Amino acid sequence: MTRVVVEVMLKPEISDPQGQAVLGALTRLGHRGVQGVRQGKRFELEVSDPVDELAIQQIADTLLANPVIEDFTVQVHPPAPANARSPLPPDRLTS
Amino acid sequence: MTRVVVEVMLKPEISDPQGQAVLGALTRLGHRGVQGVRQGKRFELEVSDPVDELAIQQIADTLLANPVIEDFTVQVHPPAPANARSPLPPDRLTS
Amino acid sequence: MTAAVPRPGSDDLAQVRVGIVTFPGSLDDGDAARAVRLAGGSPVALWHGTHDLDSVDAVILPGGFSYGDYLRAGAIASFSPIMREVIDAAKRGVPVLGICNGFQVLCESGLLPGALTRNAHLHFRNRDQRLRIAARTAWTGDFAEGVEIVVPVKNGEGRYVGTVETLDAVEAEGRVLARYVGGNPNGSARDIAGVTDPTGRIVGLMPHPEHAVEELTGPSTDGLGFFTSILVSISRAGAGTAA
Amino acid sequence: MKIDTVQAAAQTPNHEQPYAALGLASGEYHCIRDILGRRPTSAELAMYSVMWSEHCSYKSSKVHLRQFGDLPNSERLMVGIGENAGVVDIGDGYAVTFKAESHNHPSYVEPYQGAATGVGGIVRDILTMGARPIAVMDPLRFGPADAADTARVLPGVVAGVGGYGNCLGLPNIGGELAFDDCYAGNPLVNVLCVGVMRHEDIKLARAPGPGNAVIIFGSRTGPDGIGGASILASESFDDAKPTKRPSVQVGDPFTEKLLIECCLEIFAADLVVGIQDFGAAGLSCATTELASAGAGGMHVVLDEVPLRDQTMTCEEILMSESQERMCAIVEPDKVDAFLAICTKWEVLAAVIGTVNDSGRLTVEWRGEQIVDVPPRTVAHDGPVYERPLARPLDQDDLQADDPDRLARPESADELRDTLLRMMSHPNLADKSWVTEQYDSYVRGNTVLSQPEDAGVLRIDEQSHRGIALSTDGNGRYGRLDPYAGAQLAVAEAYRNVAVTGATPIAITDCLNFGSPEEPGVMWQFSQAIHGIADACRELGLPVTGGNVSFYNQTGDVAIHPTPVIGVLGVLDDVRLRLRHGFGRVPGEEIALLGETRAEFGGSQWAGIVHGHLGGLPPSVDLAAEARLATVLRRAAEQGWLTAAHDVSDGGLAATLTESVLCYGVGAEISLDGDPFVGLFSESAGRALVAGTAAGLAALEVACAEVGVPMTRLGRAGGDELAIDGVTPIPLVDLRTAWTDALPRLFGAVTPP
């Protein structure tokens, strides 16, 4: 079993009301150091081996993200001992 | 300016209907390889240097995540050339 | 509902001042004020950005989407200036009712146990809901024990959750305020629709009693009981002594 | 980066410009050159191209829409077509404004955000009139219910309508849900908003008073919703820019909610002399419309516009359709007070220009003059086309294909089976799967909402004055006869308002059609407009405004002509409103008002059972509709009735099903003549009513006086729908058929 992480963020030119709301709250709370916030989604998929990277890419492109407004990245984490998150640099594919 | 990424996932014991819905959709679409899905949030913070890691930790713990139901991780990405996502292994702090 | 409703219009009740907080994005604040008025009390508008509770006798945190609820329902509102005062006042014994988003704010503030999460079916859902009142509190004194009422429920993040220990403790201490009957609209643990603190003064409820106060616009007038309860309980204790 | 200035434009007449890529015809481009006496700057070209688009200029529809303006004056109409939304007097000093808009294509591309921003846009139109928005409605149409693409589009659209409207605190009080092959790839997402204000609070979109400040407030301007500007930016001036800017935006209902409260506080303090929302065409639209309707000129410093992305070009800023923005004209000594209210609501605001009487709109950017145009030529003097129109060649064959040839159910069992089958079809089934995702209670003034015939809102808690609203359309009727189809839509919405006991007083429309460049579509369009205008003349209703959505087609296959009509009614006392369910009082008798003929063209029966569309739609008798409305209003006022429900799609079978299932009280019915015709014909002008024996006796007298046929049908009671000649149907079976259809298709919402 391999863990695949798909991260979906709004395209930079699309407004991100969620991130704006967090930034507003941080500013009101006096955390001046934070200059910008963007909020996106993170999916952790448990995929049986061998991982079909093309299929994952397609799942991300059609189901997890809407490419009209979102970008995504897919990271395939090499199989690791059960329950431990891999500390290794992930294999990163970019949409 | 440094990019800090905070990832928030529901605790394993809290059920995750969004992840389940994605899994259900994948199954219906015939993607048998995917055995499990969990959906969480991802925040990208632009923080002015030097980054006060304790403050970030506190922001994540009080605002970005609700520790009653969620776990989070904080990754401080070393300053990178403008506009490029760092390909280096992140410095990871775990909650 | 079988409980005796005190006469609205009595002078004692009219002197009870119930504060209703408006956060940016609050929606049912006007409805909560109407409900207090119809129950015979005096609603007082409170503004999120101030530290002024205006010496009210009780506080209602109304439904809505404070700050858009983009992060987690109620999360950002729980840090607003007025909430510092509400939390202090609550600890001094001022009764607080959180409805829907207000319930979410109370959980995020740590005044009530557990959390409210995305509905199990992932949809916003609005329907007329049967509830069984399960605890006697400052806000439910006018209801007969175990009575069933019908009020609207409408939320997207109303699924009450907590760790097994939290849920067990809430049940053991008799702190389940109300339970869903005839179908659980959002997948809440153990059909819990609302909870109370140990004193019975800080209360959170997901459904909307303020939308069941008039024959013309609600599915019933069962919701009035929450508002008459608090007016009566405060006027008995002597209004104007709380905040 | 080089800026294309006015001066540069004058000096480089031969510079080639990508007008075609921006959607301008060569004739249109040359017209712009004639107006300006030189070639346009790229910023000017950006403005003209968006403002002269079909969407903004109504260039294909204008000649036809004029008919609405020619309708006789209505005393109630306070603001008519041409403003952001029409305004109607409803009495006691209250004015109501309502309008529908389409967000069809964006909702197909990104269902959630497309629908959400559709709600946001129409709400700002209503706000702009000075009104508080008080409710929304959402007529929706999709391809086949079981198509994979419908499973993608419908849940997203419904979640988007709900997500935005619920977060704004606007009750959803009705809408439509229909499925037809013709909407596959072209879903119709129409949204209506209604608002209320005092007569004296009406605001207009104009910029009077030289010296007044132009203020932009709300969200920052970003590079979203820019169609063609990117072409301009990349192809002609700065090739390094990304060439594709998304044309879909992400809605921010929280900011819109703040904008609403902020505007209402600004209105109450009397701080604006003119106001306009930013909809399609953004700054280009707002500045040119405000200027041309006011003192005539305006100077804008584009550098003052708060941006989300500092790399935006001036063309992009002018064309950006970023959501949740407004533009106000404010007298200089009120600017500080205006900005203070914005600060209170945490709404960003900036003074971006000044009104003048130069007759020109001038825009500067980085110290250079980039626009110098007569604003009227951009906003109002766009091209007007009289497009060729022709009755489609297949129209005669279609009408000749009479549904009389279709096999009908005969035995009692067959009739029962047909009824159950129809009521479990998504077009007729229970819509709670959709409507439960909408908040109908917020604001505490919703007297009726789904599943009643019309939404009813209380306007005044003391006087009990209120309004009723319904939206209706029927593409199948429209396809068979666009003139009659449009009239039937008017008639149905009118009747839905009337059965609540309200008096219909005004209409709005949302006209969904295929490509105006096809003569057949243009013929349908002109027929539909004729139909609506004639119906309004006959019913004495003004058209307060509307919306045209063309190009709803895939390849050369257009959707059915689908005019959606919204009718507004007024109730002097909302406590007297009528509801549709049987069984609120014991011993109800049931009757049918109106005349039933054997009319099956375009009917749900023909469609669901036989997949057939042909023949002629039901005949229209608007005078009969008006008589029916009169009788219903009197009955409501006199308290004669305990229930009333209009008869439309699916015929009496659907009406009876809804009335018995509402409170779970059955009925015993006997129909004159052929039960098949009685149950499934879709003759217009009918309503099902119930009341006590005394109530119906009084109604009978009134019907005779006014000339409305009334037929006794039977009585309410029991736990079956028992119709003479039809095998009785236990309500549990009927309920299962009716309620399971949508959850089966789109997922149960009952948690495990």
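We just call them A, B, C and D in the order they show up, numbering each chain from 1.
In the analysis below, a residue touches a chain if its C-beta (ideal position, glycine included) is under 8 Å from a C-beta of that chain, and two chains touch if they have at least 3 such contacts.
In this text the structure is predicted, and so the values were computed from the model without any measurement.
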Chain pair, A-C or C-D, that carries the greater number of C-beta contacts:
C-D
For the pair chain C and chain D, the C-alpha centroid-to-centroid distance in angstrom is 36
Centroid of chain B to centroid of chain D, CA atoms only: how many Å?
41
Between chain A and chain B, what's the gap in Å when you average each chain's C-alpha atoms?
7
What parts of chain D, by residue number, touch at least two of the other chains?
252, 254-255, 346
Residues touching two or more other chains, restricted to chain B: which are they?
63-64
Overlap residues in chain C, where contacts from two or more other chains coincide
67-68, 70-71, 76, 79, 119-121, 187
Provide the full list of chain pairs in touch.
A-B, A-C, A-D, B-C, C-D
Once bound in the complex, which stretches of chain A touch chain C?
17-18, 21-22, 24-25, 28-29, 39
With touch defined as at the start, can you tell me which chain C residues reach chain A in the complex?
67-68, 70-71, 76, 79-80
In their shared complex, at which residues does chain C touch chain D?
24-25, 27-28, 30-31, 34, 63-65, 67-70, 119-121, 123-127, 152, 154, 156, 183-187, 208, 210-211, 214, 216-218
Going by the contact rule set out above, which residues of chain A touch chain D in the complex?
10-17, 20-21, 24, 66, 68-69
What part of chain B is in contact with chain A in the complex they form?
1, 7-9, 19, 22, 25-26, 29, 31, 33-48, 51-52, 55, 59, 63-64, 87-89, 92
